[in-house]
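The following pair of complexes shares a single chain, chain A, combined with chain B in the former and chain C in the latter.
And then the complex of A and B:
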């Protein structure tokens, strides 16, 4: 094993280019998102049909945190969301697409951003979410039957936001989440699955919604999360993986929920996030120099907001939305 | 066959295809009038318009199976297409072994696609135990390409759990990968999964082997988060087990109990930590009877600290 010892230096990370942006290019991101909205007939837009409602949420939430949501076409979007509703009570990613919990949560969040939740049929949404729960407490994402702690979080978050948490078996849901709690302090998609920062966010978020954060050893989970920070400042999703801006959100928000955000080196973190901006087109990419997209853009902006930024509205760490939209539904 | 159909369909649009004359395509509202499109996009719009129509009619046929092949080629992440394809396969009583061969190809092209792995699992569920060894080989192949592929590891776990693949074989598989890459967190996690699945958490021999393995990996490469996490996971769940009763040192036990006390003070998992600390102190009364009064005092102290912390919370 001495040969392997020679490779001990091989830690996975990236170099932040010295020419990379060093501050928030707020105006460019607003233009970047607006371009996405106006490019409805573009190839990308059609290609993204299967993720569109969530895509709209990423765009809107980014704009709302930047206090720019007025620039989005509110009425058209609300109308579009209504078209995505299915007879089963859930929402698909586009009209005539099967319902999925990911898009159902996004639809609810979009309506909350526009303060138009009154336009949704709350009972029907609750009925749909309830139909996704299995006997062991887990949730499927749609009728295909895939089980994942992501779907637990989306289900509980949806029900919390519409005020109908009581329709599911919450104790069973949390029991399933706890079966996915690993000895390293992290959480995976299913019992036995490897810890993954995205799943930690979903599971910690689920515990927060259920008021059950005391069920875990917060320090141990927070320690695992703190070890996600690489020397470049960026955060990875698992040991020995490359850092990515989306983990900035999933790790930081989890730490914020656990009230241990200070475990992260803020200056280095920001340096990495700033470096992921595209200084020509606007928007954030997963890593410095890659192509930007709305997904990484909302998570980059939301992560910066967690640290506090005068040009950004405070973000809610559980729901990834401007905190002012959550109102009395805030958990922390 | 679907593969041949894909080749034919790739060269022609469905709207110009005699075989599909009886179907009225359903275009999305805003894309319908787009006049100028690049070739790929036109194919995409065309194929999905016919897919929507076919799904609406619930048509389960050879041509719709080919259509899903075509649509999956354009966008393998569309979950509804996979669901529809599965319904067609089951209605037509298709050979799912062939389907797995098709999926080998799709997964090798997009190994991080949730939908395709789920589809694979559904097919294997139908096929039963006969498919197990093929799945073990296939996941080994994908893991060989990318040793932390989350989907492949998760699929393998499911196969092992469902079809009771022997413990030793799988531990060897994981060990081979760890010898190639000491930092493969997925492989450590897999060992923990196997130990739990085969109920070896309290088997001293197994845990000793694992602890020794950790020590060797740490000696060779100390800067390795994964192996430290694995080791602490083993120790945390076996803290009592690793020391022989006659070798239990009061210093060790009180050291651990102190650590738990500190946790209570910090309100970190206070109740569970208190339970553990009390256990340790009552054990100390036996291990170290000369100081029994002191250990009893410590037990009361634990209770007081927890109460103080709980009061502070409210």
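And then the complex of A and C:
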């Protein structure tokens, strides 16, 4: 092994197969999502009940960015969302399931995509989100009490989208986020936790909602994000980890919010994202050759939209939705 | 995954059966919960479902409720006067065996039963889990909680991280855990965020111990002490200046208007406006303007017992914290130390051995930027160029942004320009032909510069220049395609866009129309020259200059 090889001993990456797709297979993805929605008695669908409402959001947002949301069953979905509402004001992933901030945000986003936010009880949602904030400014995700900066972002984003940011202590919320800001420029789940790209997105997004992006050293954070790009072009979530399409979204959207999207190589990035498509069934997988799912599909499509693609609607980097749905709630 | 039709049919049958089992267990669990029936069966059912799908948090919640109910019942029984001792002991035994079997039920359970035996069991469990996956950040988060509850000292935990690092040098998570603890111990001992040279030297030694320096670790362990701990710097005014229609206060760190008003002789908050490269209406900013024809006065001897003075007049001459501004632009040399010198030497020999490897050059350049930015300016620029052009091409723009800041600092150091700006001798900042792609950092001069010339650079987004008191801006020969409206360019009187790439009026007009003071616009050598008539109609009262005089 060469000396350089020894230095790169722990480096993790993949090779992009030469046979992998090299352009966006837009039509196939639309069919993939529609098939996913229709196969309601499949094992995968049933066993994913505990993430259903977020799952619906992934599917819908992907379709909306592809300008295909009319193909989804709007009325049925709106009805289902109403069934997922709990007396505490929040939404669970499925009827009878407990409320969680992840699904509460997804429910709000779904209703916004269908321009049906009027069907939600805004006061009740605000009351639920407010109930999640701790005294130190942090947020729990649900009644189980886990604290995570993800839940801060979901809470602030929900409140921003329904126009009720004033119900929580925003200064305390941001103070907690800043306690999770590491010297490497990244953010972790809680104070002292290791930096993680998903957390960076959540914390940068929280700062954007609060109008406080200047609180961080923009270029230090952008550098940490830029170092997520591997030679394959893909982005990993942390040093020494494998690249994954979902980080294309979390890293790129953060860079877009910081207006440093050019810190990574766009051509190599796109090559990796294209290669993660399944050219038979449609949909995106985490890495080339793996099985596709709606989660990686929406993040793959949204990431491509950030670079600008004529066949895709522009995406809002904070909310991962077609920008036209955000309207005057746009932050940037 | 099955491939043949036959295999698919078998698999489907199997899955259908699993679905049926799951759905019936799920329905039974929900039914029992709705009746408040937390019996043995609901424990068995939740366990069965969670073994198949541990992400189902509602089922976890129900299981927790069931266990809590058992704990409450047991506590109730223990207090009861009618129950026999034998009954009580039996109930206690059954609850203990129930909880001992619970993995990761811990936080709530531990909170309610802070027995050290549970904590030790939990610590052991974390260690086991980290052996299986040393990067699992949920386990690390859990360990932090349990270690705190078990009152493990920072030194004990540092020792634990040492073990993990010596087992596997690439355990990035353990390095992170360690670096946070080292920082914490240092902070507790000294009250200082920035590590002292001795601690840095010890850390560097540790990281160099196995021989070559590993890429990513640099950023982590010693790296953090090299980085500017700006988020810990005090919030104070760097400058305060009067500009006819506004008083501009530039702060050492982004802060809200509430943090600014304590330094001035007005409590009025509605006249303030903050500027940011990233948002149009920021809540926090480094640059604040108070819109008024009469100047504010500033109190700089600010401490916690603020007494409202003495007031400094800024009408004739700006207030400037020269020491802080010199530090921001690396004007004064930074004290180096042995550890840094050794590291630089290490990097150098590594660069000679492996000229194609980006890490040693990156490390060396970062180190020079932090410790020798003035004396090694040329070397830093060469290093960044080599990284962006050859060794790490995908991040070229990142290196260009780093180099841009170095160029800004160097310009300000040259011929005492920063001193001249601070004394008010000049308000012009010439940054011509410097390969600059970003003007991040220029905002600290927002109160001192009214004329910026960035001719011949690589700027594409002039709307990100946060210099709201600029009156003259020369953007000639930059690859700019459009001009977006920007609050911080609102005071421009003269704008020069010669030889830029702007060709469409739509990419320009909205921005120019927002510049209410604009008097002259120069746009020679652009496709706009052909559209002078349209420009003239859109910008009445602005003198248009399509050709060089």
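As a working rule, the second predicted complex is superposed on the first by the 322 of 332 C-alpha atoms of A that agree within 3 Å, B and C clash if a C-alpha of one lies under 4 Å from a C-alpha of the other, contacts with A are read in each partner's own complex, and residues count from 1 in each chain.
What we mean here is this: contacts are C-beta pairs under 8 Å (C-beta built on N, C-alpha and C of every residue); 3 or more make two chains touch, one makes a residue touch a chain.
This is a predicted model, so every value here is computed, not measured.
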| item | value |
| --- | --- |
| Touching partner for A:218 - first (chain B), second (chain C), both, neither | both |
| Partner chain(s) touched by A:291 [first = chain B, second = chain C, both, neither] | second |
| Touched partner set for A:175, first chain B, second chain C, both or neither | neither |
| Chain B versus chain C as contact partner of A:82, first or second or both or neither | neither |
| First, second, both or neither for A:144, with chain B first and chain C second | both |
| Per-residue touch tally on chain A - higher for chain B or for chain C | C |
| Chain B versus chain C as contact partner of A:31, first or second or both or neither | neither |
| Doubly contacted chain A residues - partners chain C and chain B | 2, 4, 7-8, 11, 41, 43, 46-47, 49-51, 96-98, 100, 142-145, 182-184, 188-190, 192-196, 214, 216-219, 224, 227, 238-241 |
| Chain A residues touching chain C - in the complex, by the definition given at the top | 2-4, 6-11, 41-43, 46-47, 49-51, 92-93, 96-98, 100, 142-145, 178, 181-184, 188-190, 192-196, 208, 210-220, 222-224, 226-227, 229, 231, 233, 238-241, 257-260, 262-265, 268, 291, 331-332 |
| Of chain C, residues touching chain A in the complex | 1, 15-16, 18-19, 22-23, 26, 30, 52-53, 55-61, 64, 107-108, 135, 137-138, 140-141, 144, 169-170, 172-173, 176-177, 179-180, 183, 212, 214-216, 219-220, 223-224, 227-231, 254, 276-279, 281-286, 353-354, 356-357, 359, 393-398, 401-402, 405, 438, 440, 461, 464 |
| Chain B contact footprint on chain A (complex, rising order) | 1-2, 4-5, 7-8, 11, 40-41, 43, 46-47, 49-51, 94-98, 100, 142-146, 182-184, 188-190, 192-196, 214, 216-219, 224, 227, 238-241 |
| Complex contacts: residues of chain B adjacent to chain A | 26, 28-31, 34, 37-38, 40-41, 44-45, 48, 52, 75, 77-80, 82-83, 86, 114-115, 118, 122, 148, 150, 153-154, 157, 161, 182-186, 189, 192-193, 196-197, 216-217, 219-226, 229-230, 232-234, 236-237, 263, 266, 268-269, 271-272 |
